[in-house]
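Every chain is named by a letter (A, B and C) in the order it is written, and numbering of its residues begins at 1.
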Amino acid sequence: MSLASVGNSTTASAERRAVSLEFRDVSKQYGRDGAAAVERLSFTVPAGAVCALVGPSGCGKTTSLKMVNRLIEPTGGEILLDGEDIMRRDVTELRRGIGYVIQQVGLFPHLTVAENVAVVPSLEGWPRDRQAARTAELLALVGLDPAAYARRFPSQLSGGERQRVGVARALAADPPLMLMDEPFAAVDPIARERLQDEFLRLQRELAKTILFVTHDIDEAVKMGDLIAVMNQGRLVQFGAPDAILARPASDFVAALVGADRGLKRLSLRTVGDLAPEAIGRQTLDGLPRFAPGTKLRDALSALLAADTRGGVALDGQGGARGLVTVDAIASALNDAPPDHAR
Amino acid sequence: MDIVTATLTWLTDPANWQGPNGIPSRLAEHVALSGASLVAAALIALPLGLFIGHTGRFSWLIASSANAWRALPSFAVIGLLVPFTTLVDPREGFTLYPTLLAMIVLAGPPLLVNSYQGVASVDRDLVEAARGMGMTGPQILRRLEIPIALPVIGTGVRLAAVQVIATATLGSVFGFGGLGRYIVIGEDTQNTGQEFGGVVLVATLALVTFGAFTLIERRLVSPGLSGTVK
Amino acid sequence: MSTGEPFVRWDWIGDHLGAIADRVGQSLQLAAIAVVLGFVISFALATIAIRRRRLYAPIVVAATVAYTIPSFALFAALVSITGLTTVTAEVPLVLYTLVLLVPNIVAGFDSVPPEVLDAANGMGFSRAQRWRRVELPLAVPLIVAGVRLATVSTIGLVTVSAIIGNSFGGLGYYILDGYHRGFSTEILVGGSLSIVLAVAADVAFVALQRVLTPWARARAAVR
C-alpha cells in the first residue's frame, strides 16, 4: 500500500480500493494468569463498511480497536488488513496507513490547524504545496472554511470544531481504514448529532472501511452498517443494526438495545420504503404529509399526535403517492418474531 | 562623597573602561565563562532530562537532583572545591577552577529538572494520538514533546543562566575574575565608587540576562501554547 | 594549600568544637529570623495579591528582580549603608525568601477546590470560619512546601553573609577564613556542615509536611 500514489481529489480517492478488516480468534491477555481483556474475537468488516463496536465499560471494545493499529499487541489470533496479517507489517508503516481518531481528539496545541492536519503527510515527506492543497481540501470536506481556520490554533476552537479537525487529520494521507474511539462522546448532544450526520455524508462520499467504538447504542444503530456487540471480552452478537434490534441474541443484548428496540427499528426505515395504500375517495385535507425521507418513527409519532388514522405519503416532487396508516407502520416490524432467539 | 556620586564618577571614568582591569574585559570574562559553563552543563543535563522525561526511566535522578540543588549553597560548593582543585593546579585551582566547576555543577539541576518536567507533563493522550498516527519515538520527542515542553525548559535555562552569573560573582571572593572583582577590591581598598560600580554592573548583567532569556523564550514558543492567542 | 599539610586536621576540629557549635547556632538563628520575617511579609503580600489579582504579577516581578541580583552584590552594597549589623545580613536574606514564598502561598490558597468553598458557604460558615477551618488547612501543603524551599535556600545563603565580617556568616565564616588562610580543614568543616544543616532542615520539613497533612497520608495508605 503505497501512500505516494494518493491522488489529490476526493473522487480519485474514492476510486481507490477500500480494504477489508478481519479479526480471527483475536485475544488479549495481560500476564499469564490474568483475565483476558479480549477472548477469541472473530468477525469481518467488508471493504467500505462502517462497523460499530458497542458494549458496556470494560467489555474490551477499545482494547480490540487498539489492537488493529498495534497500540496494544494481541496475544492470540490474527488481525488481517486487506488479507494481510498486521503483525507481519512494520508498525510505523501500518499506523501511517490507518486513520486514528480519539475521543479527546489529541490535536497538537503548538501547531496550527493546517499543520495539525498535515502531520502524516509531512512525516511521509510530501512536498509543501501538495500538503497545503490537501489540507485545504480536507478542511472544506469537514465543513471548515480553510481561509478562516488554517492558521488558527486548537485553543481557539470549539469542541465540535476540534473534532472535525481531528477527522480531517486522520483522513490526510487518505488511509483505507479508519479507527475511531468514541469520537463524538466529548461533544454536546446538539453538536454530536451534527457531527454524526456530517460523518455519514462524508462516508457516502469516501466509502472508507471504518471501525469505531461507542458506548451509545443509538449512535451504533445510526452510524453502523454492522454492529459488533461485546461483553466481558467476548463477541456476543454481530450483524446489521436491524437484525440485532429485531432478534437480540440474549437477554444481555436485549437489555443493551433497550426495551424500545421496536421503535428504534422504525428509525431505520423511511416512509419511502413502505408500499402506500391507495387513496380512494377520502379527503386529504388536514392530514399530515410525509416526504419520502421521513423516518417511520417520526411518521408514527406525528400520526399519534394528530390523532388520525393515516397520513399522506408524498413522492419526490411533492405530489401524493398514497396513504400511510398506523397499522401499516406497525406491520413493517412484522418480518421478525417478537421473541428473541437464544 | 556620597555613594551615588562616587559610583557615577567611577562608572564614567574612561580609565575604567580600558585595559585588562577595565569594565569591557571584566564583563567579557564574566559573560564568556558564564556562557561556557551554561553550555557545558546544558550538554549533559538537557539531553538527560529529555531522555528521562520521554522514557520515564531513572526518574529517581530527578527528585534527588532537585533536592541536592536546594541543599547545596553555592558559597559552600566553591569553597569545598578549593582544596581539591588546588591539588590539580595550585594557581588556577585556587582561583579559576573551583568557581568554574561550581558554576557547571550548580547549573545542572535546574536544566535537568525542568527539561524532565517539561517533557513529562505533556498530555499522555497527545502522545498516544501521535503513536497511533505512526510517529516513531524520536519523532514524538522532536515534533511533539520538545515544542510543548519549551516554556518549562526555557524557564529552566533562564534559572540556570542567572544562577551561573551569581555563582561567578560570588567566586570573586575566591579569586575568580569577572565583575565581582570590583566589589571585592573596592571593599578591600575602601573604594566606594568601585565597589558600588561593581554592584551596579553585576545587578544589571543579571537583570539583562533574565530579560534576554525571557524574550528569547517568547520568540521560540509556539503562540498556540501560550494562551495569548484566544 | 600548603603542601605537606594533611587535608584534615582533626585536632583542630576537636579544639574548636564549641566555636563550631556556636557558628551552627548562628547559621540557624540568622536563617530562622529571615524565614520568619520573610514569611510574615510574604503572607501579607500574598493576601493582597489574592484579593487584588492584578497586583500579583507586579509583586512577583519585584520579588524576582530582587532574587536575580546576586546575593554577593546585595550584601556588599548593604554593608556600606547599614554597616556591620544584623540588619545588613537579614535584609537580603528576607528579600530572597519573597520570590519563593509569595507564589507558593498564593498557589496554596488557589489550590482549594471551588466546590469545597461552595459547600462551606452553603453550610453556613462565616467568612472567617471558612478561612480558618477550610481554606487554611487545605492551603497548608503548598505553603509548607514553600517554607521548606525558603528555609533550605536561606540556610545556604547565610554562608554568603560571611563577607560582611567575621562576626557573621555562621558556618560561612569557616569557609572564607579557611580560604584566606589556606587552611583546608576549616573550609571542609564549614562547607560540609552547611550542606548537612541544609539537608537536615529539608528532611525535617518533609516530616513536618507529613504531620500536617494526614489526609494525604491516608490516601497514600489506601493505595
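In the analysis below, a contact is a pair of C-beta atoms (placed from the backbone, for glycine too) under 8 Å apart; a residue touches a chain by one contact, two chains touch by 3 or more.
For clarity, every value in this text was computed on a predicted model and none was experimentally measured.
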Which two chains share the largest set of C-beta contact pairs: B-C
Most distant chain from subunit B by Cα centroid: A
Chain occupying the most central position, where position means C-alpha average: B
Whole-Å gap between the CA centroids of subunit B and subunit C: 21
Subunit A and subunit C: spacing of chain centres that average the CA atoms, whole Å: 60
Averaged-CA centre spacing for the pair subunit B and subunit A, given as whole angstrom: 55
Complex interface listing, subunit C residues touching subunit B: 1, 7, 64-65, 68-74, 76-77, 79-81, 149, 152-153, 155-160, 162-163, 171-172, 175-176, 178-179, 184, 187-188, 190-192, 194-195, 198-199, 202
Parts of subunit B lying in touch with subunit C, wherever the complex brings them together: 3, 67, 70-77, 79-80, 82-83, 86-87, 90, 162, 165-166, 169-170, 172-174, 180, 183, 187, 192, 195-196, 198-199, 202-203, 206-207, 210
Subunit B residues touching subunit A - in the complex, by the definition given at the top: 123, 125-126, 128-136, 139, 144, 147-148, 221-225, 227, 229-230
Touching residues on subunit A, where the partner in the complex is subunit B: 69, 71, 92-98, 100, 102, 104-106, 108-112, 119-120, 123, 153-156, 169, 179
